[in-house]
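One chain, chain A, links the two complexes that follow: it is found with chain B in the first and with chain C in the second.
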Partner chain A sequence: MNETITNLWSIPLLIVIPILTAIVVNLLYNRGRAIRAVSIASAAVLLVISLVSPYGFQWFTGQPGVTYDGTYTFNANVFSWKLSLEYYYGPLQQIMISVMSFLLLFVVAISTKSLKKNFGPYIALMFLTYLSAAAIMMVNDFYHLWIAVEIGSLLVAGLVAASGGGAAQKAALKYTFFSALSGSGLAIALALILGITGYANITDAINSLKINDLSGMYNVLYVSFAFLMLSWIYAGGLAPIHPLKSDVYRSAYPHATVMLQTQSKLTLVAIGLVLLRMFGTLPFAREAMLSISILTMVIGIVMALIQTDFRWILAYLIVSHSGLVTVGISLGTFRGIVGGLFQAVNDVIYMSLLLVCCEMVLYFGRGTSIKFSGGLAKRAPLLTVFVILGTLAASGVPPFNGFQSELILIQAALEQGLPEVAAVILMVSVSTFIALFRAIYSIFLRPGDELQQGSERFKLPGTTLIFLVALVAITLVLGIYPQLALNFLTESALKVVFVPWVP
Partner chain B sequence: MGSIDSLYDKIKRHVVAYFTGNGYTDASTGYSAGELQAVVFIMVLAAMFRIFMIPLGIVLILGAAIMVLHFAPVIRVIERENSSDLNRVLFWVFVYFSVIVAVTLWGR
Partner chain C sequence: MIELTLQTLSFLAAALLVIIGMAGMLYLDNLIKKLIAFTLLSDGVNLALVSLGYVQGGIVPILEPGASLSDFPNEAALIFGPGIVLTNIVIGVSTTAILAALIVILYKRYGTLKASKVLKGEHE
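Presenting the complex of A and B:
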């Protein structure tokens, strides 16, 4: 765990392996077994790399940092202006990318089984989505951040468009339309920051802001903050972009939405932390972030309550819980950031559990509309148990993981003297339960004449069953022993609060 | 008695107005729960402005209460404004972006 490493082997592998896999599965195109073998092996390798990798930097292009006295260094612990493009792999990146790799492994296993033909390009898009999220998490310079966000938004659109019908393609097109706005916003933010500080590297830009007198240039800095925030809102699906993002979530296959929502959460965390590190001390910067976060939570949950389809409910809940993640980060305190990061980890896990349950409802040939279905509990009792456990985790009921992170968020809000924010978080938890249980009652528990006629029980596929059991186990383990995840998150939160120039 | 009937009629009209969804009973429960949540959220968010000035918070709570009663059921407005039509999303993006720029510049 030596942080002076500046050519860490794992970082290029986490970038290159998804690209190579995408090329190979594209070439295999329709050879189902080969695609399945390659993609599962690749995802497993990515999981192992993310778990065993030490921490450190990768200075791409091999350029050294320039010290104060004009000499060169490859030592990350020595202060230097880094001309190279910089990636960092630390505890935060490790837990986030490991969780994403774990989800990718099962998602490709499920999708290669459930899809019938021509799914090489689809699996390729899945791996590239993983790549974009991993890059956004690790990057410490604005150039790469911009590129990764741009690629990520196009891949989201691609994955949704590849998921099927006209509605999916319409949602993808709308989302792509706004990517032009957001990508340009991030490019303008990058240009303004580069113009003020002279550095694209985030650490160097922060140091430059601290060292140099910026009198007369603050207005430019505020505008760059606003543009970077626009990009954060778009990439993470916060208000007012949430209608497009929820369209994206509900239009894709539920297993694809597992990857899409994970990418969104990781992007929210990564850009949110950059915003805090770079602009956290500006007046009203955190307040602006907090306002957007609260609005996203509120609008997302209210919209979830009025939906009449399980997929739509989940789509809006994912949006609403994105607000929970960003509320913690926006508070800007140590506890708030830890709560936000922990919420991101928990959120992707319990939402994945619910999305896979939703996929199974479709797999059993049942619709996800809560108006015309019912009685599934009798035919699929195990699935009913999983969906109820997922609902309890998402609603913040102990001993599941959602409880721990929401408790930290509430404590952080109260510490900041914001009981209203704590009240909103509590109400979101309760409303999550109401929204989900409406759907569960209608689809699973309500007597359904048509289904009661058959006595045959639906059987969960083996891979899906293992995935669901693993997800429930993780929600329980993190709920009972949260320190397991918090150990990875506290260091990053401390750095953001006390030494923001350190990635 | 007349006033009681009138109040009853008002409440009935108010409750019936929730039945705007595409579905049946499930939709209406969702809409009524959503309406209540939205009203409480609006009041809580108005109360947050006490951070800047306590009288401002009080005035905004009263203003929010009057607006909510006047425009009830607000869930229909929220639903309409949250459609994924490009023009509507674009409008709100510009509104949000303008507010962010204005507030941060003003905060300086």
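Presenting the complex of A and C:
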């Protein structure tokens, strides 16, 4: 894989455009139409950049190791110290950031329509959340990883607090207190890794671990692994920190939760792959990651089953499905990693579909409690169809995308001689269907006294309808032609397994 | 037996600050005290990072004219630790500001600074 030694043009743009947009919409503050125009245009530009960008690096300091074969080229597979803080944009980054850009475009379009006033700062937070997730996906050095995770945590708190209400502010405060703990842990992990290897660049640090004699250093390695894993658990909302994250998902507006859960999944993928590349060969490291993943799946799904509010159900299902993403990565095999990455892509899409449906339930003036609502299917039949399709996708029913990624994960677990993990994945699929169908029956299908009185049908707003149709189309296309996404993911999985020092 | 050098003492002080900060954040009930505990924790991490770059009898990591190039890598203090500290200070201030703002808002809403009352769960 030869790439030019010039810095890639798209990486700075993916970072700078969200910052500039955040500044502009903040200044516009209350000018609704201007904010809507600027934010939609920016989100569209980000989507185009992420789709058309070539692959390559951005170096901040130091220089790449180059080989001379007539022209100077950078060969990532040839060993050389890079000594630089760097970002990398490859196929994995492309599909993840493109999906996130697509979601941002519609989330911004929906939120600028539904919010009434003073939403400039709110949209700014949305763009900055995108920025932090994009940065976490692209970094190949511990320094930028730490900064991006820290910024991401603060932005999550900001976005939740901006959703208003005492519950949202409490969730934001709790989340920020714990983010302070995990952020400090990540800084300590960075310091320890610097102390052991002398390098902040992840490629250099992995090479240093391979080359140098580490006898007597294992205790320090384990401590740095533990601190890095703490930030993985925290930023991704894995067990036992899951109550904080589910509180955050539940308290924010559902459209904001679309961005929050996307950021979480991207963070889980990025830090998970760093953990695997750096510490994958350390005894018991993958086992520890796998245990946390299984615990997250089980706790998340059990909590989802006992909830009586559609928003809470979705919040815990997002947590539980985060475990599906990390279980694949934790298996550490080619198939496992591909399954985990594919699950992350699928998960953000079908969960977004369900979250937007939840937003529409609130938009129609209905509560999301499954105890007191009902009869919405008669008044909003189209929304009922969308929510059922989202449920089928989330439950891993063919021909939707969830089926393909969960099948790969089950195959990977069986290949590794772990049928019990495969059984847990199956159990999560079935329980997801039960938890969601319970809510759908209560809110949509069950006769509702109050709603029976009216006969007028609720109409979905145009932007939301387009978004829902697009999401359903993607779940179907990826379910029927999974290779469309897998082509982007296989190279990254191969690199993690066979040449972990290559970003 | 670990030798008690300036660097070791510095690391011990950092560990103490981190432990006090963490304990305060987890066990104190007053939100402002929790905030102060966070600043202690942050200071502890900063001290650990600065201590990492300490070199006994070392020099400032700036290459002066006429300085020996061969001795410089061994004598110069490591620059990356203090560099991270600068960033951590900025992050710490941002986090403190957000926490303080949220505490003020919640105090106005609930009229108390007790975490046990303010953060009482609404979970079903």
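FYI, the second predicted complex is superposed on the first by the 479 of 503 C-alpha atoms of A that agree within 3 Å, B and C clash if a C-alpha of one lies under 4 Å from a C-alpha of the other, contacts with A are read in each partner's own complex, and residues count from 1 in each chain.
Please note the rule applied: a contact is a pair of C-beta atoms (placed from the backbone, for glycine too) under 8 Å apart; a residue touches a chain by one contact, two chains touch by 3 or more.
As the structure is a computational prediction, the values presented were derived from the model and not from experiment.
Is A:194 touching anything from chain B or chain C once the two structures are fitted on A? First, second, both or neither.
Only chain C is touched by A:194; chain B is not.
Who does A:312 touch here: chain B (first), chain C (second), both, or neither?
second
Counting residues of chain A touched by each partner, does chain B or chain C come out ahead?
B
Tell me which partner A:183 touches in the superposition: chain B (first), chain C (second), both or neither.
second
Is A:302 contacted by the first partner chain B, the second partner chain C, both or neither?
First partner only, chain B.
With both complexes overlaid on chain A, does A:269 touch chain B (first), chain C (second), both or neither?
After superposing on A, A:269 lies clear of both chain B and chain C.
I'd like to know which partner A:424 touches here: chain B for first, chain C for second, both or neither.
So A:424 only meets chain B here.
Is A:239 touching anything from chain B or chain C once the two structures are fitted on A? First, second, both or neither.
In the superposition, A:239 touches chain B alone.
I'd like to know which partner A:161 touches here: chain B for first, chain C for second, both or neither.
In the superposed model, A:161 contacts chain C only, not chain B.
Which partner does A:8 contact after superposing on A: first (chain B), second (chain C), both, neither?
It touches nothing on chain B or chain C.
Both chain B and chain C contact which residues of chain A?
174, 177, 181, 243, 247, 307-308
Chain C touches which residues of chain A in the complex?
Chain A residues touching chain C: 143, 146-147, 150-151, 154, 157-158, 161, 166-167, 169-170, 172-174, 176-177, 179-181, 183-184, 187-188, 190-191, 194-195, 200, 243, 247, 307-309, 312.
With touch defined as at the start, can you tell me which chain A residues reach chain B in the complex?
Residues 171, 174, 177-178, 181, 218-219, 222-223, 225-226, 229-230, 233, 239-244, 246-247, 282-285, 287-288, 292, 294, 298-299, 301-303, 305-308, 370-371, 417-418, 420-421, 423-424, 427, 431, 434-435, 438, 442.
Mind listing the chain C positions that touch chain A in their complex?
18, 22, 25, 31, 34, 38, 41-42, 44-45, 48-49, 52, 80-81, 84, 87-88, 91, 94-95, 98-99, 102-103, 105-106, 109-110, 118-119, 122-124
Could you pull out which chain B residues touch chain A in their complex?
Residues 21-24, 26-27, 29-31, 33-34, 37-38, 40-41, 44-45, 47-48, 51, 75, 78-79, 82-84, 86, 88-89, 92-93, 95-97, 100-101, 103-108 of chain B touch chain A in their complex.
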